[in-house]
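Please go over the structures that come below.
Look for chain A in each of the two complexes below; its partner is chain B in the first and chain C in the second.
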Partner chain A sequence: MTLKKFAVTFVLGSMALVTVGATSMRAQSHVNSPDPALGTPSVDSTESHIGGLTGHAADGKKLYRRFCIGCHGPDGNGQGMNAQWIDPKPRDFTEATFKCRSTPTGTLPTDDDLYNAITRGFVTTNMPAWRPLTPQERANLVAFVKTWSPRWAKEKPGTPLTIPAETPITIESILHGRQLFQKLECWKCHGPQGHGDGPSADTLTDSKNNPIRPYDFSSGSRFMCGVTNQDLYRIFMTGLDGSPMPSFADVVKPDEAWDLVHFLRTLQPLKTQEAGLWQTYKAAHGADIKPIGPDAVAGGK
Partner chain B sequence: MYKWFANGADRTRKSWVRPVVTCALLMLAIVIGDCRAVSALPTRKVMAIPAFARKYGLPCSACHTAWPELNNFGKVFQDNGYQLMNDRDSLIWQNPSYFPITFRITPNWHRESTGDQPVDSIPGGGTGSTIISRNVTQAAFDLSGMDLWSAGTIYKNISFVLLPSSDATAVWHFESAFLRFDNIKGSSWLNFKFGRFELDNLISEKRFLFLSANGGFYQTYHFNVPGSINDFGIGDNQIGVELMGHNADSSTRYSIALLSSNEGGTNLTESNLPGGLPSNRSFDGYMAFTKSFNAGSWGYEEFQAYAYVGQRGTYYQTTSAGGGGPVPLVALGNEPFYRVGFAGQLHFKNLELLPYFMHGHDSAYLGTGLPDTAGLPIGAKAPTFNGGFIEGQYFVNPQLVFFGRFEKIGVTQQAFVNEGAVPGNFGDVTAYSVGYRYYPIMFSRGGVAWHNEYSISKSIGIVPLSGDGSGLPPLLPTNGVWSSSVFIGFDFDF
Partner chain C sequence: MRTKYFLALTIAVLLGSGMLVFANPPAGSGSISGKITYTGTPPKMKPIDMSKEPSCAKQHATPVMTENVATGPGNALAWVVIYISAGDQESSAPSQAVRYDQKGCQYLPHVLPMQISQQLQIYNDDQTSHNIHPLAKVNSEWNKSQPPGSPPIDTKYEKAEFIPVKCNIHPWMHGYFVVLNTSHYAVSGEDGSYSIKGLPPGKYTLTAWQEQYSQQSQDVTISGSETKTANFTFKVLPY
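Take a look at the complex of A and B:
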C-alpha cells in the first residue's frame, strides 16, 4: 500500500520536475548556464599547470557556475547579477587583464599567479579567499578562467619577475625609500601618510572607467596581491594592470625598490623592524623631517 | 499523529486513488505556477535577499551544496564568524539600509501514516467498542514552521545569530541566539561564543535536506532508551559557552562547550516554551575534534570525533505550601549520562556520503526514572544504545540533488532486564528516507526549492519520533510501529 502510493507520487513528482526543470533552465540559461563555447572554441581542452596539478577547464566550468557566476557573470565579463552592487567591480576575464601578476605589465599572468589570486582573494573587495576549495578545484578554475579570452590561445604568459635578495633593513634604506615616495609622486594617490587620500585619489578610475581608490597603508597588513615584502616589491615592479598603479620596473633599480618597500612598511600599523627603526629615527630627528607633499624635500635633512 | 487522531482520520479509506489524484493536481499546479514564476523572473531587480548573499553578492551555491546544507566554503565562512575576512566584513562597510535578516517557511502537502495504533473498534467508542490495532492515515496541505533568521557581524570579529522560530501555528521560541567573539588576539584558534547555539556537529541537523515528519530529523540525535527520563538530544540547540578554533581553511577544528544541563532550556527550565519543568544547577560538557583531508579531485574527506557528558536531575525540590499539590522548584539528584561517537562527510566528486555513529549511556537512575535517593530495583541496569546512519547525496548540478538515508538504532542494554514483558529490542529504530530537491530559482538573493521526500521508520514497542513526537505506542511492546511520510512542498528562503 505505502510503497505503491509512494511510487506513484514519486513518478508524478519526477515528471513535474522534468517539466519545471526544462522550463527553468531555458528561462535562466543566461544566468546559470554559462556557455563558454561563445568565442572560446577550445574550452574543454584548456588546461592549467600549477606545480604537479593539472587543471581542466571542463571541470572548472562547473565550479565557475557554482561559485563565480554571480559576480563575474555567465559571460566572464564581470557583469554578473551582483556586479552592479559591488565596489570595486568584478574582473572582466574577457580582457585578460589582471592586477596580480609576477609577469611584466601588459603581459598575461602565469597559471600560478591566477591560482594564488584565487587562493588569496583580494582584501578590501568582495573577492574572498577560495582556500576552502581543494587545490585541484582551484587549478580547474584557473583553466576555465583562461577560456574567456582569445589572448590565452595566442600569447604566452610573460616571464616572471626575478626578485633579488632583500637588502638589509636600515634607516638609510628607509630614508631613501621615503625620498623615492616623494620623487615618484606616490603620495599624489596614496597620500603623504599613505592613507590613500592624496590629491589625485578622488579622480582615479580603472581601465573600465570605474572609480577606484588607492591603497590605504594604514588599513592593515595585507595588500591586494599579497602580504610579504616580496609581494610588495612585486606589486610596484609589475604594476597592477587595469588600475592606475603603474609598473616602476623601468624607473627604479632593484635596490631602490627594496628601499621603497622598507619605507612603505613604516606606513602600516604594524610592529615591524622597519617601523621600529623609523620611530627611533623620528624621536631623535623629528624636527628635521620634512613632510611629504608638493612642496617638500623628502628624506629628512 | 495525535492531532490526526483527534481530528478524526478517515481510517476506512482503502483506496490510493484520492491521494494520487490530489498529488497529480498539485503537481500540475506546481508546474503551471512555477513556469509563470520563472518566466516573470527579474534577473536584476529582486528586492529582498537572504542576508549573506545580499551582503557579499555571492550566489547561494557558493556557501551551500544545496541550501540549507553548507559546503566547505560555507563552513569556513561560518567558522570565521560569518566573515569572508577581506576587511569588508564589518557592518560599517554596508549600506545603511542593509539589514541581515532572512526568513524561511515551507508550504507543503504531506501524508502521514502510522501502523499499529490503538483505536476504538467502533468510531466514537461507546458500548461494544474495544481497543484494536489499526493504521491511521491522514493527508493535507500544510505549513511548516517559520524561521526568522538574523545573523552576521556586529563589528569586525564580533558576530551574532538571532533566530526566532515558530511552529506551524506561530508559537515562537528562540531557536538560537548568541554573540561570538571571533579571532581573539588575531588567532582563528580562539573564538568564544555565548548564548544558545547548535553543537559543533559535523553533520548538522539544522542544515540538512530532509523535511518530512519521519525523515526531518536524525533519530539518533534525539534518541533515549525508552523509560529513561533523560531528555537530551545532541541535535537540539544547547545554551552555554563555546570555545572553538580552526585553521585557515578549517581543515582542522576543535570545539569545547560548557552548557547548562537543561537541554537548551530558557528561563531556568528544561524547555524553550512556557510551562517547562525547572532545570537543575549543573553543567554539561561537549567536545568535538574535526579533521579533513584533501582527496584530490574527489574533494575533502572530513572526520569528526565527539563526546558529550552531562547530568540530569532525577527528582525535584518541591513545595506544597500554596496548596494544590507539590510544585517542582528545582531539579535535584543529578545523574550522569554520555554520548560519544564519530561522524564523516565524505566527498566523491558529485556524491557525498555522511556516516554517523553514536554510543549512548545513561545512569541506571535516569534509565529507570527513579530518584537517586532511592535504591534501584533488582536487576536494574544503566541503559545503553548504539545508533547511526549513512546518508547519501548526489548533486546532479547546483540546482538538483537526490538524497537518501538509512538509520538504525539498537538498544544494547535495557534499564529493566528482569521484566519479561520488555523485549531486548524494545525501542529499536530503523528508518529510511529518500527524496530530491530541485532549485528552480537559486539567485544570489533568494531561493526556492521544490522538495519531494518519502520516509518511513519502524520503532519497536514505542511511539515513533515522527517529527512532532506525537502518536501512540502499540498495544504490545514487541510490535514494530511503522510510520511513513510523503512530503511535497516549496521550501523558500527570502
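Take a look at the complex of A and C:
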C-alpha cells in the first residue's frame, strides 16, 4: 500500500517535473536564440525602454504566461484558449502589426506605444487595462511581446508623428472639419452622423478577414487608442494597422487635422467645447446645413 | 583647365556606363512563350454592383465582372503570372516605375508584377476617395487614404511576395501586387498567351501563379537564341 502510494507520487511528481522543464526550455529557447538567418540585431530586441525603465523579455515571459497566454496564446499568435469566444480577436504578435501607434502606417510601434496599449487596454474589446501590474512589469511585457516577431530584430520603429500645438476651437474650424469629413469620405464607414453605419460599414473586415465595426461616435465611448484630442489626431493620421482604418498623414495637413478633430468631437454625445459651439451654430443656421452623405457636393458646407 | 574638366567628365560617363553594364547581366536572346489554359468548369464571374458609388458606376456601360478566375475563348486563363523562379541571374530593379491605377473603382491592372525594389506608383484617377490596403505578410502591411486629386503614392517592396490588395471603402476592389526576385516575367493575356524574352542560355525553373489555384512549375533549358514553348494547365472547380 505504502509502496503503491509512493510509486504513484513518484510517477506524478516526475511527470510534473518533465512538463515544467520542457515548457521552460521551450520558452527559454524562444527568447534567447535569435533566428540565425536574421543576422545580428542592431538593437537588443529582448529589451524595452520606457522612460527610465528597462524591460527584460525573460521577466516578461513569466508575466505573459500568467496573464496573457489565455487569449494571446502560448505561441503569441492570438490563438489562446479564450480566443474562440472573443471578438475582436486577440492580437497576433507574430505579425507585429499594431493598431495604436505613434509611428507611420506599415512601421513598428515604439516601446512607449506598446506600453501605453498595455496600460490603457482596449475599450470595447476584451483587453483590459493592466494598471494592476507595476510599470516595471508592463515594461517587461513589452520586451517579451517583441520577441514573437523577427521584425523587431531587423527593423527599427518608425519615426513618431509630430503633433503641433492644437489650433483654437472655433466654429470655423468645426465647419472646415465637417467639409473634410465629407471630402475624405469618413462617412462611408463611420456614417453621415458618425453612428458607424456608413454604406461600407457592413462589409468591413480586418486583415485576418474577421468582420470589424467602425467606431460609433454616438456611443460616446473612449477611442481605441486614447481619450484626448491628441489621441484622436494620432488615430486618423497614423491609421489603425491591420484594420480598415487607413492613414491620412499624407493627405491631411496639420491644421486641417485639428479641424477634423474639432468636428469629430461634435459627433459625440459629450459636453465638450466643440459640441457646445456646434449646438449654438445649429440653432442659428440649422436650415443652411447640408447633410453629409452621397448627395452632398464634396467640399460644400 | 578645360581639358581637365572634359577628361573628368569622360571618366565619369565611362564609369557610370560601366556600372550600368555590371549591375545587370547581359540580356540574352532566348525566349519562352506558351499558353495558359484550364480544365474543368471554372466558377462564374459575378457582375459587381457599384450602385453605392455612383461616380464609378456611371463609368461602366456594362457591369464590371469579378476577375479572380478570368477566362477567355479556348479555355484560356488570363491574369496568370509566369516567371523564372530558379536559375535566373541576379539583377537590380529597372529604373522604370510600375504603375497601378484605381479607376472606375477597379484596380488596373488586376495583377501587377514587379521586381524587388522596383518603384511602384499608385494613382487614384477617380472622383472618390480610395484607401489602398496591400495585405502584405512578408513585407510590412500599410493602409493609406488617397482622396481624389492626391499625388501618387510612391513605394516599393523589398521581399518577394504575392500581396492581395484591397480597398476597404469599396469592398469589391481586389487585385494583386506580385513582387518577384527576377526581371523575367509575364502575365497571361485574355487569350491565355504569354511570352518571356531576353533570356541568356541556361537551365531555368518556370513557374505559373494564379491567385486562386496557386502555383505550378516546369524546367526549361535555353541554349542560344531559341524560343521554347511551355504551356500550363490549371485544374479549376466551379465553386
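Everything below uses one rule, namely that the second predicted complex is superposed on the first by the 250 of 301 C-alpha atoms of A that agree within 3 Å, B and C clash if a C-alpha of one lies under 4 Å from a C-alpha of the other, contacts with A are read in each partner's own complex, and residues count from 1 in each chain.
Everything below uses one rule, namely that contacts are C-beta pairs under 8 Å (C-beta built on N, C-alpha and C of every residue); 3 or more make two chains touch, one makes a residue touch a chain.
Bear in mind that the values here come from a model prediction, so they are computed numbers and not experimental data.
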Chain B versus chain C as contact partner of A:K183, first or second or both or neither: second
Broader residue contact with chain A after superposition on the shared chain, chain B or chain C: B
Which of chain B and chain C A:T134 touches, first, second, both or neither: first
Contacts of A:M81 with chain B and chain C, given as first, second, both or neither: first
Chain B versus chain C as contact partner of A:A165, first or second or both or neither: neither
Touched partner set for A:A287, first chain B, second chain C, both or neither: neither
Touching both chain B and chain C, residues of chain A: none
Contact footprint of chain A on chain B as seen in their complex: 16, 19-20, 23-24, 27-28, 30-31, 34-35, 38-39, 41, 43-44, 56-59, 61-62, 71-73, 75-77, 84-88, 111, 113, 248-250, 294-297, 299-300, 397-400, 436, 438, 440-444, 450, 452, 454, 456, 482, 484, 486, 488
Contacting residues of chain A [partner chain C, same complex]: 95, 97, 104-107, 151, 155, 183-185, 188-189, 199-200, 203-204, 207, 239, 241-248, 250-251, 294, 298
Interfacial residue positions of chain C with respect to chain A in the complex: 52, 54, 127-129, 131-133, 135, 137, 140-148, 150, 153, 168-171
Footprint of chain B on chain A - complex, ascending: 1-2, 4-6, 8-10, 12-17, 19-21, 23-24, 27-28, 30-32, 59, 62, 65-67, 69-71, 80-86, 121-137, 219-220, 222
